[in-house]
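Here chain A shows up in two complexes: once beside chain B, once beside chain C.
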Partner chain A sequence: MTELSLTIIFIVGFLALVSTSQGVLLSRASLQGFLTYLAVPIVIGMAQMVVLCIGQMNLAVGAMGGVSTAIMATQMADHKVSIPVALLVGFLGATAMGAINGALVVLTQLNGFIITLGTMTILLGVQYRLVRTFTIDKYPTSLPDFGKKNIVGFPLILVIAIATSVVLSMYFSRTGSGRRVLATGGNALAARLSGVSNSRSVFIAHTLSGALVGVAAIITIASLPGINRSIGGDWMLSSFSAPIIGGVLMAGGTVAVYGTVIAAGVIRLVDIARAQYSLDPSIVSLTVGVVVLSTVALSEWRRRRTVRQNEGRKVLPA
Partner chain B sequence: MLSLLTVALFIFFGLKNSAFFNADFVIYPLIRDAATLSVIGLAQLCALSIGHLNLAVGRMAAVSALAAGAAYQYLHVSLLLGLFMGLFVGASLGALTGWIIVKSQVNAFIVTLAMDFALLGFVTYIYVTFTGATTAFTTKPAGMEFWRNTSWHQYCVAGVCGPKIFPMMLVPAIIAIAVIGFIFSKTRLGRELLSTGSNLRAAKLSGIPVDRRVITAHLMSGLLAGLAGIMLAFTNGSFTAAIGSQFMLPSFLGPVLGGTLLAGGSVAVLGTFIGTLLTLIIRQGLSVQGIGLETLNIALGLVLLTALSLGQIQKMFTAIRMRGRT
Partner chain C sequence: MSAELLVESVSKAFPGVQALDKVNLALHGGTVHALLGENGAGKSTLIKIITGVYRADAGNLKTNGEERFFDSPIEATHAGIAVVHQERNLIAEFSVEENITLHNPPLRLGIIDRTERTRLANEALTTLGFEIDLNERIKNLSVAQMQLVEIAKALVTKAQIILLDEPTASITAGETVKLFEVISRLKSQGTAILFVSHKLEEVYEICDTVTVLRDGVSVLESKPLANYKQSEIVDLMVGRHLADRKVVIRKVDRQVNAVLELKNLKTSLGHESVSLSLYPGEVLGMYGLVGAGRSELARSILGLHEITGGEILLGGKSVKIKSFRDALHVHRIGYVTENRKEEGLFLDFSVRKNVSVTILSKILQKLGIIHVGKEDVVASKYVDRLGIKVVDNDQLAGTLSGGNQQKVSVSKWLAAETKILIIDEPTVGVDVRTKASFHELITELADEGLSIILISSDLAEIIAISDRILVMRDYELVGEVENTKDYPSISRSIMSSIHSGS
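Our next item is the complex of A and B:
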């Protein structure tokens, strides 16, 4: 339902922008730009989604991504490490950060919010230490070239993002582990009574979030000319807005991979519209904030109406 | 325990580098910042008291400062009237947030987070639209300099003057601490808020209007956030969109270090001030040693995580001891 309406909004919005720009948006360069910068919001949206589905949140996505790209860039620029090794180290670093978040949440039994607030602060410090005030771009040009590659007209990095989302979707729908994570998010007590280890689910969700941030970091470093300390600073809003608009329940227990992807696309359209009509950037966060707020209210209202209808039919509410 | 640690750290940093004891350049600004950040800590504490979080404290502060600044700039109101207008806006925003939480039954952190995003765009948009390139309201109402720069030193009773290191900014903070402390320890409202926080169902069954209390808690949170925002604007001397952007971490550090439970039901009002003071002493102490911003961040994050883990370990020990007794 949400996904269908979002798809329609995306198509209508895209066509509206194409017609008002006299077709400029369909030109090779601007279409390329649109699709390329869609990749990161998709992946960080999923990184937040996997934590939201256990009813927690990861405030540190931006800081983790910043540190991860900083690790990759300094490895290549200062230590002359080859590209694949540097990318792998950065990816594993992000995964490890996620695992640490998960371990801390499990050990302290505190809300993931407050734990990731702490790790976010620490990681921001680490990021500034690694990058300082410089822009690191002294790495082989084959990496930016890789970022500009196309596969049948689509940017390679967007293909990577989509492929990641397909794998993630399979994980949640086809594997036992994915379903156990969702069970924890849906009802922790019921999950425990049916033999699911909630601690393991929490740990897996945070680690997975870290791994997805690692993928986002790879995409970022491949699509940008250089790395500085501002990387990741603007990730938080989009990481939350894509899954929430895409229909992931805040209470946990559900994922909407396709919804998250298409919502990221819609947000990207708002951004394009802003550039096209030269509006102030603040208008984007205002719009997105209002949309997120109303989506949350609307979905809750719909849920309650369903419950009421079910009660009318003398069926016990779920 | 926390106060002892604070005093010990204060003396430690002073002994390591005597520049830390400089009254005008270190201690005075430190206490002035502590005053502002304690108020933002109290704003968070009000939300924590009912087991909620308010992620929009910083942006509520920004909107209140925006309202006060606009009132000074365009309506040429007096300092006090502008302050009240700002506080009113903050309180209304808080009440609105509380109302949305109650009506939608959505988790408080999501509502306040979405509120934060919406207000972030709103604040920047207003500043850019109304003030153009300066993006600040710069009109200084009469009396603002007094609050910014003077200390208790100017006031003497029977030949004894107040200490030089206590800024005037401490006055609103002390008032806030006293009022909030009074509400939570002595009034029915405070007890109702705390029982709503410790057990919602039990509170409801004992006849407490929990929905109204949730709105009250968020109203108080918005009001205090607004006060902190205006205090910061006075300290800075201008009303900008950047006000409140650094409030989120300190708003949690103060109450959590002070001993306020994240789960609700227990608050430490004075502890919030001491916790805030402790973090600022660590921050200032390290920066007097010439340690950079990045290490400060790492240190503060570690302090938060350690404090949280300690609280948890303490709870575990208590549980084990209780089990031993039964």
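Our next item is the complex of A and C:
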């Protein structure tokens, strides 16, 4: 339902922009820009989604991404590590950060919000230590070149983002592990009584979030000329908008991979519209903010309506 | 004018269940009126309609001459109706005083008048003869203390009509005496009191008139209680439908080794020394009043609460069960919870996904991918066997009726093919027909060799399908009855073990 209306909004919005810009948007360069900068929002949206689906939040998404890219960049620039190895180390680093978040949540039994608030602050410190105030760009140009590659007309990095979403979607819809994670998010007590380990689900969700941040870090470093300490600074809030607009419930138990992807697309359109009509940048924040709020309100209203309709089905103890 | 509450021909249907069918009740000031019925008869639904929690489908409600239903509990409060619910509605982080005056805090210039608040709370508590620190937080109180705070909360509103839903379920005999003194005083002041209880002795002690509900119908309407003997009331409550059932005495071989044995089991929840044996293919009934410690025992066995002493033996071997996961996958014991909505189901999952959640590891192919074909076969098997009414296996569990939800919750455990199944209150809130089909199912499963512990507060149910009945009271097993399925004699011996020595 949400996904269908978002798709319609996306198509209508896109066509409107194309027609009012006399087709400029369809030019090779603009289209390329539009699609390239769609990759990171999609992947960080999913990094947040996998934690939302167990009813928690990952506030450290941006800080983890910042540290992960910083690791990749310093490995290549300062230690002359080869590109694939540096990317792998950065990716594993992000995954490990997620695993640590998960382990801390399980061990302390505190909510992910508090834990990731803590790790976020620590990681920001780490990021500043690694990058300082410099821009790190002394690494082989073959990496930015790789980031500019196309596959049948689509930016390679967008293809990576889409492929990641397909795999993630498969994970949740078709694997036993994904099913258990959703069971934990949907009803932790019922999951426990059904023999599901909630601790394991929580750990998996946070680790997966870390791995997805790792993918986002690879995409980022490949699409930028250099790395500085601002990387990841604007990720955290935007990571929430795509999944929430895309139909993921804050309460947990659901994922909406396609919804997240298309919502990221819609947000990207708002951005393009701003550039197109030279609107004030604040208009983007304003629009996205209003959309997020109304989506949450709408889904809450829908949930209550369902509850009311099911009220009768509520079984009353005498 | 003295208080008056008239319920006239009130009906309420929930999908699949006619919860109330043209119910009448006349509650007058200066009387205590008993509302009786088995679990699921519709008592709480009626109270919820009177207090504006639910909306009736048909009928009238007259309060002090004014004819109208309330749209919300607040309206009912303003109309002078106070209710003490069975489930407590207190705010854990607030103090006793704050909770007692929650609905209508005394104000001065828009600010809460603390002196007046203390006075009001004190007054209510003194009336109850209940001493407690007014500043204590609710979360630090015992269940009985919370119950008394709940009652004080009703008193402080100076309501003319008070509905008490099982007020004595969790308080001691001494506190009950004090409560009854208060009820008598309120009665002499002209207050109308509706009293819901399962304890018939108490009902006879305090009540003047009586209404009996059975399966949503008022089979006895506002009659003087003194005209009826206790046994007549019980007959009205349970009805004659029990007699029609064909009686089958199953043969259970108890010469073989027990599949499950508890030896002097002690738990962190308060069981001191529980011993029992469950034999292959047996249906072992466990009867007791709500709060007797039966579910708590089951959950402790399955690893949810700590075992602090004694032994659990499975097939003669002493075991430690660490968690439900351990119980299911290693020891092959399942537990069908009584709270299907909160603990038994994933409402946002399809029926198929709900059924398969216990067997995910058995239906995986390479890379941990679920074999949807196999999953669907299993789901269909139980949808057919239990007659679950669904459009298809992809229908969301949240959209099913109560009885069908319960069947889905049970299916999950049948699919797991455990050796032992503990079934907790399987038929609370399901209609008569579904209930009968559950009873057949349980017997069938036992015939197939499954060993079952059936926890139920429904005497008729326990007697209809158990082979042997254990009685639990206050976390202790106080009786064991070989079930001859002769309802009068068995119910008498169960009741005598419940009441003896208390």
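Convention: the second predicted complex is superposed on the first by the 309 of 318 C-alpha atoms of A that agree within 3 Å, B and C clash if a C-alpha of one lies under 4 Å from a C-alpha of the other, contacts with A are read in each partner's own complex, and residues count from 1 in each chain.
Throughout what follows, a residue touches a chain if its C-beta (ideal position, glycine included) is under 8 Å from a C-beta of that chain, and two chains touch if they have at least 3 such contacts.
Keep in mind the model is a prediction, meaning the values are calculated, not measured.
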Which partner does A:244 reach: the first (chain B), the second (chain C), both, or neither?
first
Look at A:177 in the shared chain and tell me whether it touches chain B only, chain C only, both, or neither; answer first, second, both or neither.
second
If we overlay the two complexes on their shared chain A, which of chain B and chain C does A:111 touch? Say first, second, both or neither.
first
Which of chain B and chain C A:292 touches, first, second, both or neither:
first
A:125 contacts which: chain B (first), chain C (second), both, neither?
first
With both structures placed on chain A, which of the two partners, chain B or chain C, ends up touching more residues of chain A?
B
In the overlaid three-chain picture, which partner chain does A:254 touch, first (chain B) or second (chain C), both, or neither?
second
With both complexes overlaid on chain A, does A:192 touch chain B (first), chain C (second), both or neither?
second
Could you pull out which residues of chain A sit against chain B in one structure and against chain C in the other?
none
Within their complex, chain B touches chain A through residues 53, 100, 103-107, 109-111, 113-125, 128-129, 248-249, 252, 256, 262, 292-302, 304-305, 308-309, 312
Give every residue of chain C touching chain A within the complex, in rising order.
13-16, 19, 37-45, 48, 54, 86, 304, 323-325, 327-329, 335, 337, 340-349, 353, 356-358, 360-361, 363-364, 367-370, 372, 398-402, 405-406, 412, 416, 428-430
Of all residues in chain A, those that touch chain C in their complex:
170, 174-177, 179-180, 182-183, 186-187, 189-197, 253-254, 306, 310-318
Hey, which residues of chain A end up touching chain B in the complex?
57, 104, 107-111, 113-115, 117-129, 237, 240-241, 244, 250-251, 280-290, 292-293, 296-297, 300-301, 304
